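Handing you this structure, nothing more for now.
Just so it is clear, A, B, C and D label the chains in written order, and each chain counts residues from 1 on its own.
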Amino acid sequence: MTDPATFMTAPDGEGRFGNFGGRFVPEALMPACVELEEAFRSAWSDPTFVDEYHRVLREFAGRPTPITPLERLSDKLGVQLFAKREDLAHTGSHKINNVIGQTLLTRRMGKHRVIAETGAGQHGVATATAAARLGLTCTVYMGEVDTVRQALNVFRMELLGATVVPVTSGSKTLKDAVNEAMREWVTCVDDTHYCIGSVMGPHPFPWMVREFQSIIGHEAAHQMDELGVGTPAAVVACVGGGSNAAGIFAGFANTRARLIGVEAAGGAAVVGGSPGVLHGMRSLLIQDEFGQIKEAHSISAGLDYPGIGPEHAHLAEIGRAEYFPIGDEDVLDALALLSETEGIIPALESAHAVAWIAREAGHLLPTGSTVLLNLSGRGDKDVAQVRAMMTEQS
Amino acid sequence: MTDPATFMTAPDGEGRFGNFGGRFVPEALMPACVELEEAFRSAWSDPTFVDEYHRVLREFAGRPTPITPLERLSDKLGVQLFAKREDLAHTGSHKINNVIGQTLLTRRMGKHRVIAETGAGQHGVATATAAARLGLTCTVYMGEVDTVRQALNVFRMELLGATVVPVTSGSKTLKDAVNEAMREWVTCVDDTHYCIGSVMGPHPFPWMVREFQSIIGHEAAHQMDELGVGTPAAVVACVGGGSNAAGIFAGFANTRARLIGVEAAGGAAVVGGSPGVLHGMRSLLIQDEFGQIKEAHSISAGLDYPGIGPEHAHLAEIGRAEYFPIGDEDVLDALALLSETEGIIPALESAHAVAWIAREAGHLLPTGSTVLLNLSGRGDKDVAQVRAMMTEQS
Amino acid sequence: MKVVERDLRAIRDAGRKVLVGYFMGGVTPDWTDHVEAAILAGVDAVEIGIPFSDPMMDGIVIQQAALRALDRGTTVDSVCADLERLRHTVPLLAMTYYNVFHHYGLERSAGLLATSGLSGTIVPDLPLEEATPWRTACDEHGLATVFLVAPSTTPERVRRLAEATEGFAYATARMAVTGRSSGTGDGERVVASIRLVSSVPTYIGIGITTGEQAQAAATVSDGVIVGSALVQVILDGGGPRGIEDLVRTFRTAIDRGTESVA
Amino acid sequence: MKVVERDLRAIRDAGRKVLVGYFMGGVTPDWTDHVEAAILAGVDAVEIGIPFSDPMMDGIVIQQAALRALDRGTTVDSVCADLERLRHTVPLLAMTYYNVFHHYGLERSAGLLATSGLSGTIVPDLPLEEATPWRTACDEHGLATVFLVAPSTTPERVRRLAEATEGFAYATARMAVTGRSSGTGDGERVVASIRLVSSVPTYIGIGITTGEQAQAAATVSDGVIVGSALVQVILDGGGPRGIEDLVRTFRTAIDRGTESVA
């Protein structure tokens, strides 16, 4: 391991985090990616922009989100557990942090429209929300299968003034929605920004999204100090594309905290994947022996992504962060556990992190150690699904 | 109007706000009401209790909730509009403020169980949440009709470890759930606290719940100052039982702000009701010519209550607050308006307040005046219903 | 001391236990026939329920009766009008929730009740602290106001309630609404607490559903109040005959109890 | 200069416009018959698609063809094996997405392609900045790497792309993926920008679906690339005969254009 002060800095000139990242996009999109990178660099070093980003997070999105000491669950598990409450952010997850940054940047670039991909709809709803606030036109690409499964989220986006386009290509789910959004972006890149929903895609997206999400980690580090706890022994977050994990890791990358990413077993790009190129980036992907991308399968739509952000691939490779899979069967139990001991119904995504903590307390997480859980979202969106599954089980 | 410094103080020794309030309960419950009043007085003047109440609101419930300047809607309506964001509080509405206070009080009284009534389920979910956090046993009474209409909220409460009891008496809706909770309370008052969900019921509930909700108004007054806006010309809140309205009014009662309560037209106890005695209080009620209580009918389950808290009846009588009805037909439009102009999907309840503002901007609300909207809750819980209604309409 | 109390004290003085029966006004077209049957079979006083939409102190049986009565269009006026055809020799007390009188007008309600032959009222959601306006109206028309004493009532409140109650003190046997559970519960203790501070006749109610329970309760008090058990017979279509039979069972039971003690 | 570019320059020098046809490897069992038919009917070069699960630069037609090919179990190996039975006289270029080669191994991929008779590659999601490892592998095996130039490409990038591309420069006529819209769009402008800085043969592709469009595009460039229009024929079950007919239409159109200019 290298000197701790060097983790999670900006990527290199090619947008690489070690061996991962880069910019694998059609020539038609290269100028837009370059323009975006420049715009982001300029905005992110402009106090006016940064101040407005923070003001909107505070006044509109409800930041800072609190850290909740999970007292009863701590007693039960024998570790000292704290939750960073992204479930309390506007629209119900950390996704809002990123879209506020990107929509402000869109306006700054003089563009008046955003497009986005969405799986279950969380990022789509967040994008539609941030777009509505600024009066930007918004189109969301969503796999046809998901538009049916998540009809209420489709309606939510429509209420927010967005147009939802069902994607009928490929497996008709999230990864195809990304493909389709990219295809669309090619046609309208002049006046439209593609608001990617996680730390993925071509440079500068993985870096930019991490920067917009790092507010989570910076707040959390400060709050843990204020609580008198200081640096936790471990920081645990679920990983789909990896934006909530990257966001909270950013606050602790240069401390002694262990950084733990929890993947869905059916979409575990670190544990079960291999290097590959998809959606504009070189990263770890689940693919078959011929390099065809596999569909991810998880109980939680938000983790149903066959890849992981390139910076995570890098952090895994250098050993700064560790990644573990959690199977669907443990997720429901974890969701119920947090609900009944703490009065917080987590998103199925976040419940993966809870499940890992519940399993590893007393093992990989030594008894008595302090653990910071990133509670990336609330479970309201999942309650109907959980009910159906629990009814089936019993 | 009397000296402004005298509004919204504690009720008199009989628990009256002017001609309203009191304690109309069976003898069996009198000792519990007296005990509760004493416990509340003692707790509320005990810095240890008050500090813990504030700590839990901060660390668990996400307070302070922000005030969002609604810039685009302001432009549209010609008034300067601000929203107090109770929709960002844990569980999605202001209801959490009250239940945190009452569950802490329950523990302080040495009781280990709470019961609650609920209509659509918001207060039930909030109570189950706060109970889970403290490890209190929780039983929620819910009209059978509502358990069917709001099956997901029933499941949510169950996830949180609560038992939901369908109430089959009377109209099988909210007011019957209150009756049933009272009936049950009689049988278990020794070890059980009845956690009422609004500023209603026998003394000390209307006062106590207002006190627990007044955090909304106190925060808001401070935040409006911080924003450099100061006292708004009007403070607007929807009114079911009246707890969110009482909470925000409390911060502005002794200012020049107009206090506006917006009732559902189908449950307008101030405009369409008359004095009566129900659920332990003397207040304004919707009743027929023989004093039989009528069922309220509103698009929003949270406003489906045939009465109003006694302090509101008093504020209406002395003219310190004004109450207006809004019909169902205007509520859907208001919900869509706030969603698409500001990226905030309000609860149907809160959309009543939005609808009134949209209607009265330029009329009762002079152009250019500052208006503070209490956004009591988020609309996620209502999206399925709204979708069905909008589909029907079109 | 109002007439009704004098009468009820007299019964006690005669060594007889009092049986009070509860009937819901307007529950059937011929509801007064049930009351007559009960009087015939030996009740010493009758509570006449006036239905209310939200009967907070009542369990399922009386709730159903109230709903049925309301569906039939029953009002204070109609109950009082029906009472005109009731031949009765025992005191009648109106039992309902406060809003009914509050809405009708306190003064007007008391007047109507008095002229309709009622001699008192029981209003379970009107505690002592809130009762002054109603008691004033009742006083004006010679109506007694009966208060309930619960197992949870503190000694200090027992004293005030026993002092305030007129006609009799209603000792609730259990912490429960009507018709929920059965048995004499804490009745004996409640009665004892009242007797400690007052000589007012004290009857046990709430939960008395069988002759044995009635007998047990009567043994430790001045009488018993039977409600849901009677109303259930009517809801089941039992008719005046069913009421007569059931009342006789209770009557016999409490009289036997008295004899065995005597 | 690699062989393929010398050949293509020679065609231009001969005053003839180049027609490039795209075919999806493995889309049908007899897919090479379509390629042969196209060659017979006059294409000057062929792009051989190797199917990828996530074809980011392709519209619905080529997506469907890729899906069909994948369902049939098509792989780099199978496409190359099929090519053994293809009698061809014109250059073949592999077209696919980078992950296919990345996963198979760059060195291994380039070697296989070269031994299978391919003379170059087009990888639309591999921009110049990321291409070095692949170009190195291709160089080793004599494969040309073709780059695309888009309407959005800046002059400075046009220069670098024109310098780097081998065989020809692929001028995309519009800001769109394959098979989306039709017409020559910005093709002329893109070609002009390339010609400003390079003498590399420059063909217009993306959106050429009719003979007229092909003729117009060929007039302002060195040739045209036709993809979705041909693939659609195969998806519709058109067979080698259908391909032959359509290729002849394009051939005639661009040749006529040349004559009319000459």
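Here is the rule we go by: contacts are C-beta pairs under 8 Å (C-beta built on N, C-alpha and C of every residue); 3 or more make two chains touch, one makes a residue touch a chain.
What you see is a predicted model, and the numbers here were worked out from it, not measured in a lab.
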At the largest C-alpha centroid distance from subunit A we find chain C
Between subunit A and subunit C, what is the separation of their C-alpha centroids in Å?
-> 67
Taking each chain's centre as the mean position of its Cα atoms, how many Å separate subunit A from subunit D?
-> 38
Between the Cα centroids of subunit C and subunit D the separation in whole angstrom comes to 98
Give me the residues of subunit A that touch two or more other chains.
-> none
Scan subunit C for residues touching two or more other chains and write them down.
-> none
So the complete set of touching chain pairs is A-B, A-D, B-C
Which of the residues in subunit A end up touching subunit B in this complex?
-> 58-60, 62, 65-69, 72, 85, 88-90, 92, 128-133, 135, 151-152, 155-156, 159-161, 335-336, 339-345, 380-381, 383-384, 386-387
Which of the residues in subunit B come into contact with subunit C in the complex?
-> 14, 22-32, 169-170, 175-176, 179, 182-183, 186-190, 274-280, 282, 285, 287, 290-293
Given the complex with subunit A, which residues does subunit D contribute to the contact?
-> 52-60, 63, 67, 70, 75-76, 97-104, 124-127, 129-130, 147-154, 157, 161, 172, 175-177, 180
